[in-house]
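The two complexes that follow have subunit A in common; it is paired with subunit B in the first and with subunit C in the second.
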Partner chain A sequence: MPRASSRKGPTNSTASGNSSAVDLFRAASGKAASKELERIDQLFYSYSSNSCGMIDPEGIESLCSDLEVDHTDVRILMLAWKMQAEKQGYFTLDEWRSGLKGLRVDTTLKLKKALPDLEKEVRRPPNFANFYSFAFRYCLTEEKQKTVDIESICILLDLILGSVFRPQVDLLTQYLKIQSDYKVINMDQWMGFYRFCNEISFPDLSNYDPDLAWPLILDNFVDWLRSDRA
Partner chain B sequence: MSSGHKKRNFQIEAFKHKVVVDPKYAEKTWKILEHAIHEIYNHNASGLSFEELYRVCPWRFILEELNTKWSDHNKALQMIRDILMYMDRTFIPSTRKTPVHELGLNLWRDNVIHSDKIQTRLLNTVLELILRERTGEVINRGLMRNIIKMLMDLGPLVYQDDFEKPFLEVSADFYRAESQEFIECSDCGDYLKKAERRLNEEIERVSHYLDAKSEAKITNVVEKEMVANHMLRLVHMENSGLVKMLLDDKLEDLGRMYALFKRVPIGLPTIRDVMTSHIRDTGKQLVTDPEKSKNPVEFVESLLDKKDKYDKVIASSFNNDKTFQNALNSSFEYFINLNPRSPEYISLFVDDKLRKGLKGVKEEEIETMLDKVMMLFRYLQEKDVFEKYYKQHLAKRLLSGKTVSDDAERSLIVKLKTECGYQFTSKLEGMFTDMKTSQDTMQGFYSAHGSDLASGPTLVVQVLTTGSWPTQSSITCNLPSEMLALCDKFRSYYLGTHTGRRLSWQTNMGTADLRATFGNGQKYELNVSTYQMCVLMLFNNADCLSYREIEQATEIISSDLKRCLQSLACVKGKNVLRKEPMSKDIGEDDVFSVNDKFTSKLRKVKIGTVAAQKETEPEKQETRQRVEEDRKPQIEAAVVRIMKARRVLDHNNIIAEVTKQLQSRFLANPSEIKKRIESLIERDFLERDNVDRRLYRYLA
Partner chain C sequence: MTKSKKLRKNNVENNVEAMEQGWAIMEEGIAKLKNILEELESQFSSEEYMRLYTTMFNLAGRNNIDDDYICQQLYNNYKESVQAYIMSTVNPSLRDKHDEFMLRELVRRWSDHKVMVKWLSRFLSYLDRYFVVRKKVESVKDLGFSCFRDMAYGEVKHKAKDAVIALINKEREGGQIDRALLKNVLDVFVEMGKGEIEFYTDDFEDAMLKDTAHYYSRKASQWIFQDSCPDYMLKVEECLKTEKNRVSHYLHSSSETKLLEQVENELLVVYANQLLEKETGCRALLRDDKVDELSRMYRLFHNIPKGLEEVAKIFKEHVHSEGLMAIQMIEDATCNKTEKAGGARGEHALMTTFIELHNKYSAYTTGCFCNNAVLHKALKQAFESFCNQVVCGTSNADHLASYCDYILKKGGSEKISDEAIDESMDKIVKLLAYISDKDLFAEFSRKKLSRRLLFDRNVNDDHERLFLTKLKQQCGGQFTSKMEGMVTDLALAKENQNQFHEYLINNNAAIPGMDLTVNVLTTGFWPTYKTCDLRLPAEMVKCVQVFKEHYEAKTKHRKLTWIYSLGTCSINGKFDSKTIELVVGTYQGAVLLLFNDAQRLSYSDIKTQLNFEDDDLMRVLHSLSCSKYKILKKDPDSKFVSPNDYFEFNSKFTDKMRRIRIPLPVVDDRKKVIQDVDNDRRYSIDAALVRIMKGRKILGHQQLILECVEMLSNMFKPDVKVIKKRIEDLLARDYLERDAENPNLYKYVA
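Take a look at the complex of A and B:
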């Protein structure tokens, strides 16, 4: 992405001055780009299913095995984020193109090598919040669905926050499984979990104030933590 | 004197001239004056010898002596001033010398009052006399007044330094010791009486012979030594303190305590705090006493008695003090809400009164009773719960025709409306309208069908508007064929006059009067519920029916059927059915038959009471749940109303505003409000601010 925009910048500003050189440059880079695009498309078709014109769960499974990562690996979710994939388990051609172009890869091997950088990119704070909320939306598979069941939420928490907030995630998932007030989690609560991990000093919870606008489920969680310890 | 006047007339020249002519003139004049002054004293105050005063006079005469001499001195002083009037008027002001009279007083002060032989003796004597008066002796108050007046005439400083200050100090010592002694041997009431008496004595003393300005000072001393210093001990005295006085309605003692404590700092708050915690404690005991909870009417009556008691105490002993009234109100609010069933019980109390308790009671008394109920109602935090129960109980009263006074019913509804607004009572009023409309409908029905219905049973239908009545959606049971035909006739009549309506039979709410003939030929009139009628009618065609057969024939749901059979077969004196096996509870394998040996003293037998009773535990929970459900939209509506007006608001403020808005109906639980907010966020009415997470934004 950064490279793409820096290339575009000078093109626009010098358009009237040195037109021939620019045209040449544009033509050359355009040619390279279209070649790249072609390879990206080819790669897409090697995984997509003919029946739906998308990479379906089966295709993703084989992509994963080519990349030698598990399909439940967080990096696949990150890849979906990079593609801004709409529907869980499916990549459309447009998503695939924008994702791979963004990563500047056009082969499976390059994609595999790009994964560590992708992870670094996602972990950068502003991206991460975006990725975190994307992960929730990605789980909403039905029309008008607004909530995700507790079980999936626990897996998701573990996957996304587990490496950074291990103790919080362990206790939170433990609590979510034993409580009976909520069967599903909504976006607001999901974002609350992230804020909680980021802002609340753990394990002493000294700066948790239930009178603030925390979702009730976190009030309950904190009550549970405090009573569990006492 | 006359020459002086002349001198004044041609002042300057004559004066100079005379000084020159006769240098001894002044001396001569003075000699004359000196002689005159001596004469005045000799004449008026023969033998004024202070020496004598110091030595001979026993203490009790010193005041008399002093008083006589003082009055002589005053007379003399008067005359001297007259003689020297010219000097006093011209020479003294221009040379800024002390005027004659003042000089005389100063001389008296310095030479007599402040002489070391008199000063202490005078003070001690005065104080001694006051002490004697305090211990009950009669003293010469006139003399005291004169002496004190003398001190006052000598100037405020003399009065203060030579009398008032030591007087206050001695008084403080006196009352400190006395109060210590009193408090060891008196109970609170007696002590307060003594303190009050002492205070009045001191006020009286001031009025008789002290400077009026001393009153505040000396009462202050008594207040401090006798009241302020012992306040806590007095209030908390076991068996006689404030609590005991409240328990025993010692209105006079309480009034005395109020009046005395009012005079000292934090006196009234002390009484108020103890009273408050006493009311709270006893109130808490009352509402949490399981014995009291058994009888809702008694429960409410004891609340009313308690309120009456304290209203009386505050009115007659505590001067109707607003802060005490507030304390009383907040205490009631505190403990009434400790028992979650208070709303139900208050409604049951009204139910009891409006059913039977008002017969033969005057209209004003009814109003008074209703006003008292309203007062308790005001204390309730969960007014919506009261409304739920009130509606249920009112429905039963109306449907069973048991309400004693329509006026009283309506009066209470008007009161509720005034208190809580139109919304609160609109459904209750709808119920009354339905009752009236039903009467008209039945008249119409019988005038249309009267001729062909004469032989059959009589049907009375009450058409209840859905939503106005606390109807549960219940399954209609199978009615006996005779009734069913009649009901169908009514249905077609009703739907014929009111198009577009739907009727469903609430068989769980009706009653029936049956004429029954038992085996021995005895005839009775049975007043039963619709369910019971359905069951009993089955026995017209069968001698013996099993539980299952009855259930199948009537299709009454089992919990209702069991209750209905229990009241038909298991209540002594009302057991028109016989059950095999004989037991208290209804089993699914039981078999029923008509009890041929049924007898009753009364020809009319009322079976199964429809009177409102305390709810059972599951019923209570169900009502609770309905209340909670009803609250959700109200909370959400409040949140949306507030957010619509404010657009952006932080969490704490929104909780506070919602609570305030809903206060007149119920006390909203903050976590419930939070839940509603979260639900509104989920439904995109609100969102959290991206930066400041305490803020909510309204999404239009």
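Take a look at the complex of A and C:
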């Protein structure tokens, strides 16, 4: 609540005719908050499609161009995470609200400016693991779908881990494409990739122990890497 | 006042005087004692004894316990006398002698000293009673002994020790020595301790042990190069025996263990590896079956720490290479020659060889190696290492199953005795323990059992059951339950057959038209057989119909599936020269019966009429037209059946026998069996994993794998990668989940 009042700057369109400071405070925060919500909603409706009442892929496309960000950019994915969006390619009003409120933005410009902060937030350790697993779930489009195809996984790996773990991601995607044991990847394996990048020293792989509970696909990956070297 | 002072003064004066007088008498006694010891005088007379004893007694009686003047004087005088005696007589005599003479002198002097002290302590016994106790000093005897120990023994002990050791070594080198003397000398050492062994240990034993070690170390360093392993071992055994003998004759018994340990250490421990690795060493002994030498080796190495480890290793390697050699020999001899997969004689040679090897080396472990656990383990590991190799293209589980089949068939036709069968079965079960793919063996056995039960006329029920009992004892009930079911089915089949006969008798409408025997098999027990939709000839249809009616009347809720591929029939072939009874399979019979109505049939005719599959039909026609007995003529007369061929009844066929069997060759479904077993294994692993996790709720990855392997070890050895895959599958199916904190921990999901 105090924060709302500290943003008196942008929300100074309210004509405050109230007497006491406390009332001013409360009225300002109440009014400011509701004004903010109004603007957020307005922004939503400016992108949403009338037929389904949500922002659909087209709407997202247009949002992206306004933000001057490519729709395949990882930051859109991060935004989806912030909103805890359930369906890939769509944002509901609730999701939109919670996302933008969380970012404390209510215009496209502010949203664009908030993107670097969002990225920082996501990259912080506890959030990143959360984001990483969200990214997988976000790809499960069908009901009861539990796996994602190799192609999409490779893209996702590149998108999410590529900037931090470039060598691992390059080799892993290469391996995933040429191996034939697995045609799809499940959540457990997906999380395994992340753990692998975090815990295993690369490129020597000296601390990898196949007797531990690493997913079999990673055991095979390490074997392939080691044989490739030899 | 004056009176008592005077009295006391008198008393004191009197005591001193009495002391002087009394001691003088004592001195005479001591001098006499010395002479007795030097054999210059004979024993004390009773009067002399009484005089000495009484004098001392009276003296001591005057003792005033307030100052103990008298007793103290006596005690001191006694001590001085003894010491003087030692200084003047004992030590000089010891000093001027050496070696054996010195030892003899020591023995003599100690013996004398004991006598002297004995007498003196008798005379001074009053002191022991009161004075010694009160003043807490050594008893008269002990004092006497201490003097000897400190003054005489103390001076001479080193020389004595060296002399004894020298004599011991002389004896070791074959010289003759006076053993009694050594025993006496060492008794002196022992007695110095007055009940404690420390003087013996410190002043003699330690040095003797060190010397022994040096002695044998020198010997060993020569022998190890000069002698062969058997000879060296003989020498060691001899040395140990000698040293033990030495102890029993003159060393103190407490030295035995330590002494033998020294010998073993220098002769065996130090050179253990070198000895075993000699050209004439362990490997050679095993190779040449030198049972006695191996027994000796066991006896010797058994006692030294970790002695058997190296022996066990060599033993294991030897057995392992013997196994591999046997395999190689058999592979070369048979597999490259036979055309068909798994020539019969080859397999049996392999198994019989394995059994022989096992007999031989088991005999070693129970005999030469006295049933030692380390050696048993080595044997087990060696067998496991080669019993699981693939030979002649198929695993030993298969070979073993074939061997069982062969034994049971032979037993059935009474070519071997009951005892021989029993023995063979025991051997088979023993070998099975070494094979890790036990479930594969079970499956192959089951298939073969099925053929025996259904086709073999000479099945001996008792033998079959005996074999299953032995298997059950070794591997558990789950292993044999299906096979037991099969045997029971056949036993019941006879019962059912009688019932069927009765039914036929009582039921006029039920006329099969020929002698019909039906075996009803319980599906779960028997291997699965391919069914085919054979269009039976009319004669056979009737049979099936009649039985079906009977069975349905007898039992509801059961479904009958007819497996014609397992049936046999007897058909009379009315050939030109004579009628011959043909014993063939049902498939073959069906084909032959077609020729009752047609002279000449094409392949496709037959196929359509009977609704056969190509691979089955080819086999059947081949057996009737291209094999040993050509019942049908084939046009063209080539070696193999082709879909374009034509067939005719061969009326010209004849044979000297009136009855011939025309078997249908068995399809090699080995690959399918292996495939089925592999599939079953996946389910077994799943079941084991779930069972473990259900019980433990939370378990670490490595622990889970260990317990899974353990649980399944009775049936097969699961591949760790396969287990991992099954775990992943269970994770995906939400039976298990990974712990959030520790990814190496699994939790059971209820």
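Quick notes
Following the convention adopted for this analysis, the second predicted complex is superposed on the first by the 203 of 230 C-alpha atoms of A that agree within 3 Å, B and C clash if a C-alpha of one lies under 4 Å from a C-alpha of the other, contacts with A are read in each partner's own complex, and residues count from 1 in each chain.
The working rule: contacts are C-beta pairs under 8 Å (C-beta built on N, C-alpha and C of every residue); 3 or more make two chains touch, one makes a residue touch a chain.
From a predicted model like this one, the values you see are computed outputs, not experimental measurements.
When the shared chain is aligned, no partner comes close enough to touch A:Ile178: not subunit B, not subunit C.
In the superposition on chain A, A:Asp188 contacts both subunit B and subunit C. When the two complexes are overlaid on their common chain A, residue A:Asp211 makes contact with subunit B and with subunit C alike. Residue overlap on subunit A between its contacts with subunit B in one complex and with subunit C in the other: 146, 186, 188-189, 195, 211-213, 215-216, 219. Note for the complex: subunit A touches subunit C at residues 146, 186, 188-189, 192, 195, 211-213, 215-216, 219. Of all residues in subunit A, only 146-147, 186-189, 191, 195, 211-213, 215-216, 219 touch subunit B in the complex they form. Subunit C meets subunit A in the complex at residues 701-702, 705, 721, 724-725, 727-728, 731-732, 738, 743-746. The touching residues of subunit B, when paired with subunit A in their complex, are 650-652, 670-671, 674-675, 677-678, 681-682, 688, 693-696.
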